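The following pair of complexes shares a single chain, subunit A, combined with subunit B in the former and subunit C in the latter.
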Partner chain A sequence: MNWPERWDQRRRAPYLFIAPFFLMFIVFWVGPIVTSIGLSLTDWNGVQLPRFVGAANYRKLLGSAEFYIAVQNTLVAALVYDVLMVVLAIGMAVLLDWRHLPFRRFFRASFFVPVTMSLAVVALVFQLIYAKEGGLLNQLIQAMGLPYRVDWLGDTGVALWSIVALRVWRATGYYAIIVLAGLQNIPKELYEVAAVDGATAWQSFRRITLPLLRPVLAFVVITSSIWALQLFDEPWILTKGGPVNSTLTMVIYLYQHSFQYGELGFGASIAYVLTMLIAVLSLLQLKLFGAESSR
Partner chain B sequence: MGLYAGRILIYAVLIVGTLLTFGPFYWMAVSSLKPQGEIFAATLQLVPSQPTLEHYRNLLARTAFLRWTFNSIVFALGTTALSLFFSTLAGFAFAKYEFRGKRMLFAIVLASVSIPQFVTIIPIYGLMVKLGLTNTYWGLILPFSVNALVIFLMRQYIAGIPSELLDAARIDGSSEFGIFYRVIVPVIRPAMGAAGIFVFLNTWNQYLWPLIMVQSNDMMVAPVGLATLSTLYVIEYGQIMAGATLSTLPILVLFVLMQEQFVAGLTSGALKG
Partner chain C sequence: MARAMSGSLSRRQFLRASAALGAFGGASGALSAAAQAKEKISIWAWGEASIGIRESVEKAFEDKYPGIDIELTDMGPWDLMDKLYASLASGAGAPDVSEVVRRMFSKYGERGGMVDLTERIARYKNDVLPTAWMQAEYGGKIWGGMPDVLPGWVVYNREVFERFGVKPGQLATWDDFIAAGRELKKAGVSILHASVPAGTWGTNHWTMFLNSRRGNIFTPDGKVIRKNDAAKQMFRWYFDIQDIAFQTPVNDPSTWVALKQGKLATYTMNVPSAVVLKKQAPELSGKMGLMPWPLWGKSAPKDTGQWGGTLWVIPTQSKHQDAAWKFVEFLCFTVDGAVALWKGGMFPPAYTPALKSPVFNEPDPYFGGARPFEVIGDRSIPNFYFYDWQRTEKIIGDEIDTMLKARKTPEKAWDDAEARLVAELGR
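Let's turn to the complex of A and B:
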């Protein structure tokens, strides 16, 4: 091969290399995101041609009481989940970072295990744990001699928290490993200097660990929130959004209207409003963490 | 003395943490071995009185569990192979070439990472219906064959490879694709393994998309199929737990064998990002 030809190949190569990716990317990301806007302005059942209805879907959505219940449930569940999970993950990570911890590798691995189990399977297993009659939790409560029997998934005041607890169980160890990596990036000399200056363990945690962990915590909170706001698998399998809409989430609302009632145009408008909501929340979190770290 | 009390506290926390972590796994396995009448016993029964494999036999004989598992394997492996190929090739272009539009294209890819999947689901479903790809492997796999996070990771790893290696291959007369195939791929194989585990597990655990894309019992993936068993008129919890155990076990074994790669793969998005 001569050199001009060689140069030509080198100039064309990158376009050929990105072509397959971008072909799929346009068909399965960019295209759908754009057509979604159009679909959200139509009445469409997936079979007949979409019929233009203007902003009717958005009016219907904003006038639906169920939509607000779904948004509220999702936001409350996400917030409680985030706070619980982050606090537990930090605690777990600090523990795992302790040099004298026995069986450190074993614990590091075992806390990570739940995240490898699929959410749907976790939900099926927790069906047995949460059952009112003969479920593990109520059996344990009874074995301790307490006179309670809780309907973990059937009580409107409890069901959502049961689902949050399931999520915390699955995800905490995973995020703890990420926080642990952040901890291990903090120079140990900082703690030694603080100790020489007479700082207590709590003071050095408060003044050194937390501030330096901020970027990692920002990542953890933002990604876990994006996931939490898409809560679907567990409530769908365990409660179908019930009892009395107490576990109805935004994605369940989207799924029911689009794929059970065949209102795909309306579904597209739900998807858009949810995406906007998630985008605004992510930006807020980013601002919050960004503002604090530049203090 | 204070130190001593602290130690005891830490051990207590660790024991409780371990029990909580493995409790549901244990309950799943043990319930799958209990005779039908003992699964929801009135009192706590940590070990089955008479362990039985009947739920496993019934699961395999009366449901399409093996078929669902096979579908899951095809779905997860196909998605992993395609997305690794597309993303590594494109990541290579973004890491080692200069071309017009590069910055803008990469920015678009990055921006798409934070867009939730469900905003694309309705149009893609419409497209798949039109193409007649519902209830097929392609219908399941194709939408997940592009993964913006993987392309980002691959670009990061490939950027770390010295460009002199590429030039040396060019002088030896290698084509540009030959460089990718013979120089880049062998060097980043560990990174591809980690990213592969990430994609595989995410796909293996998918629920919403396969639920929408597949209606026929024969084409369901394992999580969706198992979940349908809990909507039947008579719910066979023993069979469901047997299926849950069987679909969790291979992943657990892989995890024990390849712990480091698993942890690296599943946290790679965080630690590189």
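Let's turn to the complex of A and C:
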């Protein structure tokens, strides 16, 4: 049997259906990823021809103090953001799932609003909230009679947490809706049986809700971690990575070198390190959730 | 009749219809050929320049060059710079003409990708203010048209000044200005704002003060100035004024609120920032006044600083380089172009013959009828040299912020900034 006969129409059809995705995936994902491996070994500035420099970009990266600040800021912000956001999202979802909650539909919609808002608008609002002079938060603090005036975005010890708080505010509603979908898939009979057996609400939550939510939580934690490790928009708009690198993240570091300083080869090496970091952390999280699920 | 009713055509009807169709086709073909004959140039610009192009430059240019159509794309300056850089890197997608941030230009100058305009622009050299000219030059070549200079001035709240008996004419020097500021501060009013945290934007605010004092960071050929006392003194000065300053990031909404509430008495900025102020605080119309940039001593030269400035370049990718040049020339080296940019965004022209136009000295009702060019007219802008500015402004901004948090003395902060500039820029 020759080749065309083997590839009869019936066998070819499924491949043809999925081909557009793979074609796009190869052109727009695999291609750039492979190309940028090569670029990370050059001193390409974007206009002139790239010159091979071996591992010099990676050596420069490992010798850069700012790179370690960026990694540290990114990891700390991601960890705090993830923990806060997941706890709040679960709490919010449980509240939204509570059938006695008045205006439940309204709250479901309104919690989702922050993620739909334009970041430019969000940034403007938070500039007014965080402003050192006359900002809402400082006015609240002074209204309480406290003698403090915090420089929310200008103090090196506070700015990163202000950015994290904004991120948590933006993302929690979105992930709460995902957790809510998971909650609604848990059979109600389980809670009824537990109630008959005398379980308290807390025991039901710990023994039924959390274990059955684990697959959903795994999705939430992994996707939000990836998002968190790519932290860029909020600190870039509000603080440009400052003051004094206190909100410098890996992606801002990448952006500065690639686009502002015109070091696209060096930028590619930063992108590779970031990709590796995300891959390793995602695998660890998958392993953690997988191991716990199989217990 | 029956045949006609059935819908079939006689030979005569067919010929008439064919002739009519042919005539219509010919006419529309001629029209489309005329449309095709028009050359279209794509232009990338931002903010006030975009407004100027849309509101007046486009019509004036197309009247002068009826064979050329403008297709304007408006985006933010940093977005534009990124997109332009990406299109130069990818070799496709660049416009025929692009506005670029002049102080960032050395990045493009040293890498190429732009049409060398040296020969075309050379004849205008004597008509362009030197401070704008030198910032378009790289490696002995001119890479873009320079339509504007952006001198600093002081916008003040007339009601606040009157309330405290401050007369702008008495604030001739920065010492006078600061002395008045100390009086205002006793009543909880700040006489000027300081860009804090500085970061990259605040560096440019500080640089405007340095520039007005004839300071520099680089030599004309791009070396970092060693033992730079002018910059060190300016760090000290900036540190010392903080107790009378309203500390706020550049263009932060709290600045406008403070101006409206009378908690901030002035706005020390470049001329086009007046457009931003008018948009952000329209209710202050008629209540604001203009005064020249104070001097650094009673007998000091009548200088001011500059923040900003644009350059209009033609990427080598452009397939319409001649038409693109006509646009750059019109915008940068004609009175009509200069007037249009002034009307759109209050860009003072670098092309000096344009200043003969009465438009530049019309009274501005927002500033109580003050005439802008009477205020800035006697001020000069000393030459200032920008190299690797995106790195430079970050290094200096970091050190200003460290200094303002009292973690370093101003002198130590400048020494560290200078050492970092030398080490990190290799200049």
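Convention: the second predicted complex is superposed on the first by the 268 of 295 C-alpha atoms of A that agree within 3 Å, B and C clash if a C-alpha of one lies under 4 Å from a C-alpha of the other, contacts with A are read in each partner's own complex, and residues count from 1 in each chain.
Convention: a residue touches a chain if its C-beta (ideal position, glycine included) is under 8 Å from a C-beta of that chain, and two chains touch if they have at least 3 such contacts.
All of these numbers come straight from a predicted model, not from anything done at the bench.
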{"item": "Fit-or-clash call for subunit B and subunit C when the two complexes are aligned on subunit A", "value": "clash"}
{"item": "Touching partner for A:119 - first (subunit B), second (subunit C), both, neither", "value": "first"}
{"item": "First (subunit B), second (subunit C), both or neither touched by A:134", "value": "both"}
{"item": "First, second, both or neither for A:148, with subunit B first and subunit C second", "value": "neither"}
{"item": "Touched partner set for A:260, first subunit B, second subunit C, both or neither", "value": "second"}
{"item": "Larger contact residue set on subunit A - subunit B or subunit C", "value": "B"}
{"item": "Touching partner for A:39 - first (subunit B), second (subunit C), both, neither", "value": "first"}
{"item": "Subunit B versus subunit C as contact partner of A:202, first or second or both or neither", "value": "neither"}
{"item": "Which of subunit B and subunit C A:48 touches, first, second, both or neither", "value": "second"}
{"item": "Which superposed partner A:156 touches (first subunit B, second subunit C, both, neither)", "value": "second"}
{"item": "Partner chain(s) touched by A:245 [first = subunit B, second = subunit C, both, neither]", "value": "second"}
{"item": "When the two complexes are fitted on chain A, the stretch of subunit C hitting subunit B, from 62-70, 80-88, 116-124 or 170-178", "value": "80-88"}
{"item": "Doubly contacted subunit A residues - partners subunit C and subunit B", "value": "46, 124, 127-128, 131, 133-135, 259, 264"}
{"item": "Contacting residues of subunit C [partner subunit A, same complex]", "value": "81-82, 85-86, 88-89, 107, 111-113, 196-201, 246-249, 252-254, 257-258, 261, 263, 388, 390-391, 394, 397-398, 401-402, 405"}
{"item": "Residues of subunit A that touch subunit B when the two form their complex", "value": "1, 6, 9-11, 13-18, 20-22, 24-25, 27-33, 35-36, 39, 44, 46, 92, 95, 98, 101, 107, 109-129, 131, 133-136, 139-140, 142-143, 169, 173-174, 177-178, 181, 216, 219-220, 223, 226, 229-230, 232-233, 237, 251, 254-255, 258-259, 264, 267-268, 271-272, 274-275, 278-279, 282"}
{"item": "For the subunit A and subunit C complex, residues of the former touching the latter", "value": "45-48, 124, 127-128, 131-135, 151, 153-156, 239-245, 256, 259-262, 264"}
{"item": "Residues of subunit B defined as touching subunit A within the complex", "value": "10, 13-14, 17-18, 20-25, 27-28, 31, 39-45, 85-87, 89-90, 92-94, 97-99, 102, 105, 108-109, 112, 114-127, 129, 142-143, 145-146, 148, 151, 170, 173, 175-177, 180, 201, 204-205, 207-208, 212, 223-224, 226-227, 230, 237, 240-241, 244, 247-248, 251-252, 255-256, 259, 262-263, 266-267, 269-271, 273"}
